[in-house]
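Pasting a structure here, questions to come.
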Amino acid sequence: MSTPQDPNVREQPAVAATGSNRETILSTKGLTKKFGGLTAVDNVDFSVDEGELRCLIGPNGAGKSTLLELITGQLTPTDGEIYFDGTDLGELEPHERMDAGISVKFQSPHIYESLTVEQNLHVPLQRTSRDIEPVMERTLDRIALTEKADEPASDLSHGEKQRLEIGMAITLDPKFMILDEPVAGMSIDETGDIADLIQSLHDDGMTFLVVEHDMEFVRKISERVTVLSQGSILEQGPIEEIENDEQVRRIYLGENA
Amino acid sequence: MTLEISGLNAGYDGTPILRDVSFNVGDGEIVGIVGRNGVGKTTLLKTIMGLLDPESGSIQYNGEELTGKAANEHARRSIGYVPQGRDVFPTLTVRENLLVGETVGGDDETRYEQVYDYFPILEERAGQDAGTLSGGQQQMLAIARALVGGPDLLLVDEPSEGVQPSIVQSITEDLEEINDEFGTTILFVEQNLSVIQGLADRCYAIDRGTIVDEITGDAVSDQENLEEYLVV
Amino acid sequence: MTELSLPSRFDGIAEKLNGPNTLGNSRAFWIAFAVGMFVMVAYPFARGSYAAGQTSLFLVYGLLALSLSLIWGYTGILSFGQVAFFGIAGYTYAIVSLNLGGVFGQTVALPIAIAVSTLSAFVLGYFMFYGGVQNVYVAILTLVVTLVLETFMAQTAGSEWAVGSVKLGGFNGIPGIRNFALGVEGASISLSGSGFYWFVLALLLGAYLGGRALVNSKYGYALVAIREDAERTAMFGYNVKRVKLAIFTFSGALAGLSGVLYSTWGNYMDPSVFTITFATIPIVWVTLGGRESLLGAIVGTIIIERLRLWFSVNASEFAIVFVGVILMTVVLVLPRGILPGIRQIYLFLNENGPRAAVDHGQTVIKARIREALQTVGIDASDPDTPSSSEVVRE
Amino acid sequence: MTSGFGATGALTPLIIGDFLGFLDSIGVPVVQLLQIADNFAFITLAAIGLTVIFGMMGVINLAHGEFIMMGAYITTLSVNVASLPLPVAMLLGALGTAAFGAVIERTIVRRLYGRLLDSMIVTFGLGLILTQGTRIIFGNTLQSIGTPFGEVPGYTYSGYRVLLMFVAIAVLSAAYLVFTRTEFGIRARATIQDAETARAMGVDTDRMYTTTFAIGSGLAGLTGALYAPSATIVPGMGQAFLVESFVTVVTGGSTVLLGTTLAGGVLGTIDAIFSNLYGNFFGQLALLLTAIIVIRLLPDGLTGLAYRIRDKLGERQ
């Protein structure tokens, strides 16, 4: 994997202490995105430590997906900066951000429907591996699709498509993995499988940022949770604290503060 | 019985979202469907409106089978729809947005007066592009747009979403009054406790695409009964 | 192919040529392919040098079709501009070779002509892909470029329109381009008739095999991935713009080679190569044969050109109507083209036997007819048969 | 051949001539302005039908040129064969093409929504059939109906072409009014912005698409009808409009009428300058380069620029 040779690499700014001695891998500063009259992301300072598994939760319309798309570069911020691994992402195109070590699984499965499972994996895999076969086998095994390697992706069930896309994203061996609703539309069993998969990758040292509504799932995987509401960060902390936080309860219940 | 849903299964591209959903809404009632994000509330409302074809099950409205009919056929049967996320037509003016909401062929000026009575801000901004309104105003416009069609049944998708708490309060009151004044039946989906308690005569709780509970009468005002289905 | 008879050698090459992005990877396919090649090579012996020379035009067009299949079929970018690069190279070759004169002039003109068409494709491609131009806009822009070239070339009748000693000649174009030749004075080959036929056949074979190697390589995966979902592909770190530009430039070069051969085949260049009708013909070839198949593009070219020849002799008025009808029917009825269709039938026969194939065919045809009737408001629904979309997907 | 415009036919050029003479006398560069206006008329009329269909439905109708040809043929034949007055014949040309467009949408285009490139190819095939079919049925050319009004006194300019400038403005204004002031137009715009919500508001979006395609086709037919008296009536005549119409679509951007008008103005001026100075080719080349530069700099064409300026002004208020 090549690291970007951007001449404009700037020093990462000092970030507010997060209560952990790990290095910050991703941080945003004053990040803002407006759509016409609406402010979807409002002056957000946000950071994730290396090796962390962070969940991002919040009511509909809180700005979660917008925040992710700003990080991947699909959207351009109205204002503010994003730093990843010491690099200002502002000038980088989406594919350059991926080269820098970010990988993403979209909200709705984005796979190559007309290709087979193996071909799907081949596309990202050929970028990072010289010896494709062993990694292919390992990945297929990890996402439990070995049996279906030669089937067209369009024939997979929804859960299998979700797994395939996660598999495609991990073949890039990213430092930082973004998962947008990885268990949406999955059965309880499938959800458990995905949780195990994420846990094992996390144990291997991968950093995660996960947007998810399924709180059981969040409880299972997450260390720290960030709550987004109306485009701003409302609260951050361990899951138990968040669940018992009065303000968070109010936001979810919509009571007048 | 105004609306009778039975055995409804629906989803997108083979992804099942709703599983065997059955419930009913009586004439003049206000019924809430409550549940967290991502449990299938919006999908349910879209399926009832005919924007999504169910895989199986039936939707009956005033005794007529609506399953499989296009959304515009639903609208012609006086079903009004307030989409999620204040989905107004952004580059149409407020007035033009309202005009689209008129039942095709009908042209009742008095309805505009009623609507402007409820939401005077919309009359002030009639010539302004809807996309330039604030979140709360867009929500009002979305409700007003459904009202000018003179609906007997109003389907409302999360009226509180992305709207400031103070405005949520007034929108809740407006919906209540609309039900009172015109006898409009209202079916809404929501995860905001104050809206649910302020509005619903009774509720169905939904989780993972299935109705898991029915909460009626005084039980609705008891926070404990609802929190289980709403809070993180 | 005798030097490939060593099994290990064959497997090594086959590995590069075979892959999921091409139809026909089996031994049976390659045997059939070899037989086909043998027939093609033997053709001049059976029909004589003149006929071979005439037929070589189809092979020249085959190169143009390959260039479109790469850019459109594999990468999903519809280019109406392949004939533009074809024409630019043809004109450049004419101008340079006639100015310099002699075999040497022709030899120098070949790389220059291809370089000019390649550069044109690069410049246009740069502005389009780095300018964020996508989908239909690419099709429109490439079409407009072609039409503007037609206008330009058509108004060069005056004597002031000359490059060196060569007059551009407006509608009449540039005559007197010599038969294809390479070398220097005294040590050269000049090709016409059978010789030209074999030469073009060799080029086409090389381009086809090279194309197969390309689409089955890493690069080919990137092309197909971009066609299927460009955004997803960018999110795997691929520089989508650069890949698009590269393949567009390459296919411009291939179209240019075809254009040079065309100019030496007919011994003239005129603005008709830039007309909208000619711009469509490659799309017809590729649509008919199967756009996602290199061989399909070539087969489509030969079928269409053979039929056009028949029409021009027997019913010239209807040639264009026929082309239009082919375009509409293939896109509406057999959107993937005939070669993938034949392959599907072959696979189905292999698995289910002829009886089931006939039944299946009937179901599909019934469904298609019903669909057609429904679009004009006749509901001919038949509860026993599945809906057409289900059938088609099978 | 009577023009069918009656006494006004004789008077119009005189009135226009006097008016232009007056402008000239106060220092207005009349000849240059005429040229620009003529090009503006040609470009906007060439493009309007195409842009309505593209802007409203996202479909590129590559048979656009042939729809223009159809309008011209119906008009010419109505005058030559049925001896109808010219204005009636023109109306027939527009309506006939609109009806044909409706049929094509119902039978063919409808099946290709979501397959944009395929819809281009199919409409292209349709165009080929129409051109050659016309040639087979009516031969290589029709007798022209002749241009009404004659020349504007004092200027070597056809009075009819001057009239077309006003017609172009009238057509644009009429289309503008239809899409902004009528219920149909507002529902059509709602459908483009969000077809699902429009359907939930009771709009029959299928019928909306058919109607929009018919209107776009009818506008192309009208363009053909309007240019019928001053053009050579041949089966391939539609191609003369192609470059201008496609460049306008690309340059104008997504908002149909605003884009067409802006692009018509900008491109008309550029075309007038370059065509006059260097000939037709350089006019077209200038148009093409303008389109490429606009696309490179402005993702949503001139419409995007107009909106950006509006937003800037809005923010300042």
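A, B, C and D are the chain letters, set down in written order, and residue numbers restart from 1 in every chain.
Just so it is clear, contacts are C-beta pairs under 8 Å (C-beta built on N, C-alpha and C of every residue); 3 or more make two chains touch, one makes a residue touch a chain.
What you see is a predicted model; the values in this text were computed from it and never measured.
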* Asked: Quick one: which chain's Cα centre is the longest way from chain C's?
  -> B
* Asked: Counting C-beta pairs in contact, which chain pair ranks first?
  -> C-D
* Interchain centroid distance [CA atoms averaged], chain B/chain C, Å -> 54
* Would you mind pulling out the distance in Å between where the CA atoms of chain C average out and where those of chain D do? => 34
* **Chain centre separation (chain A, chain D; CA means) in Å** => 49
* Asked: Taking each chain's centre as its mean C-alpha position, how far apart are chain A and chain C in Å?
  -> 42
* Among the residues of chain A, which are close enough to touch at least two other chains? -> none
* Quick one: which residues in chain B touch 2 or more of the other chains? => 90, 132
* In graph terms, nodes being chains and edges touches, is this line, ring, star, complete or other? -> ring
* Structure fact -> Pairwise touch list, complete, is A-B, A-C, B-D, C-D
* Structure fact -> Listed in rising order, the residues of chain B that touch chain D in the complex are 49-51, 70-72, 74-76, 81, 83, 87, 89-92, 96-97, 99-104, 132, 145-146, 149
* Can you list the chain C residues touching chain D in their complex? -> 78, 127-128, 130-133, 135-137, 139-141, 143-145, 147-148, 151-152, 155, 276-277, 280, 283, 287, 317-318, 320-321, 323-328, 331-332, 335, 375-377
* Give every residue of chain B touching chain A within the complex, in rising order. => 11, 13-17, 36-39, 84-85, 90, 131-135, 158, 160-162, 165-166, 168-169, 191-195, 223, 227, 230-232
* Could you please specify the touching residues of chain C with respect to chain A in the complex? => 20, 218, 221-222, 224-225, 228-229, 231-240
* Asked: Touching chain C in the complex: which residues of chain D?
  -> 54, 58, 60, 106-108, 110-112, 115-118, 120-122, 124-129, 131-133, 135-136, 239, 242-243, 246-247, 249-250, 279-281, 284-285, 288, 291-292, 295-296, 299
